[in-house]
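Structures for review follow.
Each of the next two complexes has subunit A plus one other chain: subunit B in the first, subunit C in the second.
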Partner chain A sequence: MVDTKTASGQPERLQLLRVLGPAHIWALGVGIVLVGEYMGWNFAVGKGGMIAGLIACWVAGLLYTCVAMIDSEVTSTVAAAGGQYAQAKHIVGPLMAFNVGLFLVMAYTMLEAANAITIGFLLDTVAGMQGHTGLHQQPFIVLCVMFLAWLNYRGVLATLTFNLVITAIAFMAIIALFLSVQFGVSSVPLDFSAVTTDPMPYGWIGILASLHFGLWYYLGIEGTCQAAEEVRSPARSLPYGTMAGIMTLLIAATMTWYVCSGLIPWEYLGQAGTPLFDAARVTGNRGLMVLLFIGTMFSTLASANGCINDASRAWFSMGRDRYLPIWFGAVHPVYRTPYRSIIFLVPIALIFALGAPLDQVVTFSILSGLLGYTFMTFNMVMFRRKWPLDTIKRGYVHPMHPLPTIVLLILCATAYVAVFLGYGTQLIAMVSFYIIASLWFHFRRYRYVRRGDQFTMPWPRPEGY
Partner chain B sequence: MAYKPPKQSFAGQIFDVITLLVLTVGALYLPLYLGLAGAAKTPAPIANPTWEALGQNATEQQQWAALGITDPAAANDIITARFDYSFSWVALVVMAILVIGYFVLVVRLSDREYRDVIAERFGAKKK
Partner chain C sequence: MDMWTVLEYAAWALSALFALLMLSDMVRIDTTYDNDLLTSSREGEIEAAAERHTL
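The block that comes next holds the complex of A and B.
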């Protein structure tokens, strides 16, 4: 995107090319999220048992279906790059937009750190299987983050195209494992006896608690709306692509639960770093092990790459709008990438990747996502109130309003309680962080923001203002 | 008349960057580093563990072996570890107040800022 001069001498920002269709939106959503099948979701089994893991998978699927419905309406109308950040600027206000920008940055940066931890853990596991115990994971974690940051620094088109290919391979690996196990390739049979002998080790409170990590199956699907400005037909592509993505992930998540729960004792599964690779190990089939090793590597690399891309663009957008020092709003003169934002976020990702356990980092990412979904509920209500259906042209109107909003709010409230059970300190730390950051923004930073520039949509004045 | 923001000095920008870094690391990483945060999952290992005593059937024993754990003592901590979900209702209410209070704070302050934005974009509201 470059600036040119108009006839009047005013700089005019060129529009992004509208080249994407529903399939691209589907690929974008599934590409970022698929890693959730390869690691992290299984902590839901640890928090509540085998049955709880499956219930969490489906309840979280319902939560994300509501997210997709709401997001499709708002995004197909606020068709601007930046997704929820742009929505918050136009519907709620600058401070909310600053918070939503931070949610996106923290959710994606922590997901990037989780991916790097998983790569280090996987290499350590494989080295141990080859007889080289005690592998130092740290150099691989640093190498992974630095390499992907460098790729993003140099330009993103080729790496995101490559992302689509490796995501497809990772998705096929899950299907191949499922079919192989069904057709008797595994030397160890599927065993679901824990469903009857130890169905709910924590009782119903475990079912509730497991929803916390159930979100990990789908976290990031809302990233589809980041491409709103580049979609040919937002009214058609965004809802179709996002809903198709949710359905794909629901199927993949259920298959993942089935294979892993059948092949791995739930106590081990509940704390495993790479559950799908572990399931392949249990089959005793070397081909499957190699395939799932590749699948885990590809899904984590693709996700981390997408995370650096999305987090740096959110940070860059906030810099460009002066929500953060404008120094971050710079574009590289040659590569046309937000290079300062990319570099700035590297040490933050590394601090958490090198110094925090996987479940804690995953929790920070989930919490930022959860705060973002909570924002969507009142954002939707305010959107319909400020611009009723007949006042502006919407690309898509989601049915049954306000039912999805109410269901989403109830599920978000339940998810907060789920996080509180076992990870309450992280919840308090995270919310305290956002409160302090909000006060910092409102009382110090906002003075540098140009007021009128925060509303760019060609809409009428909002009702009530 | 449109609001003209002051130009921030380079030193001021550096100060803001450092503030954000300190805030992120201080609020999120320090509690982890100091061991103040963490899941309350603690093992309750049994004496003289056997697979049967740990509740693992023949197929599950095969699965443990395939995962590289053939000695039940090595699986003792993993199998017996449990979260402690006992909680104080006061802590739950504090958590709820914190989350709700956070959103109320952000929406109210945002609304004040939003009125400035709308006034500048659309002009003062006609009475």
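The block that comes next holds the complex of A and C.
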């Protein structure tokens, strides 16, 4: 065994490396989300028509703007890995923290599995276009998960620099498609006649149902908080990266709706597997087709990569606080990554990627995310009550409190109704799962938690305590 | 054997390689370093030294 004492005789401590900047935070947040522009959001059009797609885009955009503002304020003071899990632990309590930690791990691991499935599907499509039928998708799914897990294992700086490059290329591909169509490269003109001829084919219920898939435009932007312990200046970089990320996504989402809705009839768009790539194919321009295929692949890889990063940080944080076995709270002495958590989550992601249908996996991810957003509402209210503005130094103070919180709560409630319309059984099954997990934590696990050790932030005593 | 079949085998081989690299390194680290050191991380430590929450 190596010596674990420092020169001063004090026990040495291993910490995650603080090497990231605001650009990496942007890459983490946008990288996880941008795949939602390349696929998935368009099912909102299928649910309620072309107008529903735009309403879902902006309503979900408002929901996530609230999420980004609230997260930016709280996380600029709770600069710890685990993000919302650490926030819940300090502000609400252990049981809420355990649940939020599970929401995060489930949301990101399921999204990672969904991305790996998509990589397999995309390669199968390309093989089919080249005349190869019956491609085995499993080796590519496994390779996607293994390669990205290995990258995450080796260090956070290389992982998120990789994410920065491929996310930027995927975002530029959307901009390039938008500009090309605007400047007449497309052989098919933009056609928005359905806005007037068939504005709401399924009425208001269609508009409501479309919100479920509108979440895909932005799902995962809150993942920026997971890097809080590895960013050089948390109070500055986290709000900056997160807010830049949501602005990027609002632009990308609106451009995506505009180009796809203008080029592809809404009846087809509502069922398309890869809407942006399909829009590029409609233009008839080979260069755009190649670019948007690369964008689709890169956005999917970036999302899986960010999900591995975030799920492992949440799992690691729970292990470190003994909410899970302490074994998971280990840091690699050379790479300074939560290496045991990264490896542990690989087989879980593979089980879902190889054995579960895509829509179920994604729905499980969306619902876990939605539960997390609901938590943010009362977390924010409690945070401002317990630690008013003049008691803790914040890197960012979000405006008009409590309006964003109220808006977020209303939109979350609406989204639950929207999800229930399509996936009511899954919603009930998942809530039951979290209730059982909570009972296990309360009666079996919490006895192992060292009550004092879990609260290490140098915060003042909360108001009223 | 066409290109895609070769790629399938290559993907399996690379997957095994990445898995082996991670697992062998984890075993090496776990047998070289004391577990107390590996699990010694504490949240907020750097925060406490670098930026105290005072106005």
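Here, the second predicted complex is superposed on the first by the 411 of 465 C-alpha atoms of A that agree within 3 Å, B and C clash if a C-alpha of one lies under 4 Å from a C-alpha of the other, contacts with A are read in each partner's own complex, and residues count from 1 in each chain.
Here, a contact is a pair of C-beta atoms (placed from the backbone, for glycine too) under 8 Å apart; a residue touches a chain by one contact, two chains touch by 3 or more.
Note that the coordinates shown come from a computational prediction; the quantities given were computed from them, not determined experimentally.
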Touched partner set for A:Ala429, first subunit B, second subunit C, both or neither: first
Partner chain(s) touched by A:His132 [first = subunit B, second = subunit C, both, neither]: second
Broader residue contact with subunit A after superposition on the shared chain, subunit B or subunit C: B
First, second, both or neither for A:Val142, with subunit B first and subunit C second: second
Touched partner set for A:Ile348, first subunit B, second subunit C, both or neither: first
Touching partner for A:Thr197 - first (subunit B), second (subunit C), both, neither: first
Subunit B versus subunit C as contact partner of A:Gly36, first or second or both or neither: neither
First (subunit B), second (subunit C), both or neither touched by A:Ala330: second
Contacts of A:Ala235 with subunit B and subunit C, given as first, second, both or neither: second
Common interface residues of subunit A - those touching subunit B in one complex and subunit C in the other: 326-327
Of subunit A, residues touching subunit B in the complex: 46-47, 92-97, 99, 128-129, 187-189, 191, 193, 197-198, 201-202, 205-206, 209, 263-265, 267-268, 271, 278, 281-284, 322, 324-327, 344, 348, 351-352, 355-357, 359-360, 364, 374-375, 378, 416-417, 420-438, 440, 442, 444-452, 454-455, 461-462, 465
Touching residues (chain side subunit B, partner subunit A) in the complex: 2-3, 5-6, 8, 10, 12-14, 16-17, 19-21, 23-25, 27-29, 31-33, 36-41, 55-57, 59-60, 62-64, 66-69, 75, 78-79, 81-83, 85, 87, 91-92, 95-96, 98-99, 102-103, 105-107, 109-122, 125
Contacting residues of subunit A [partner subunit C, same complex]: 1-2, 4, 11-16, 18, 77, 79-82, 86, 127, 130, 132, 135-136, 139-140, 142-143, 146-147, 149-150, 153, 229, 234-235, 317, 320, 326-327, 329-334, 339-340, 342-343, 346, 390-393, 453, 456-460
In the complex with subunit A, residue positions of subunit C that touch it: 2-4, 7-9, 11-12, 14-15, 18-19, 21-23, 25-26, 29, 32-48, 51-55
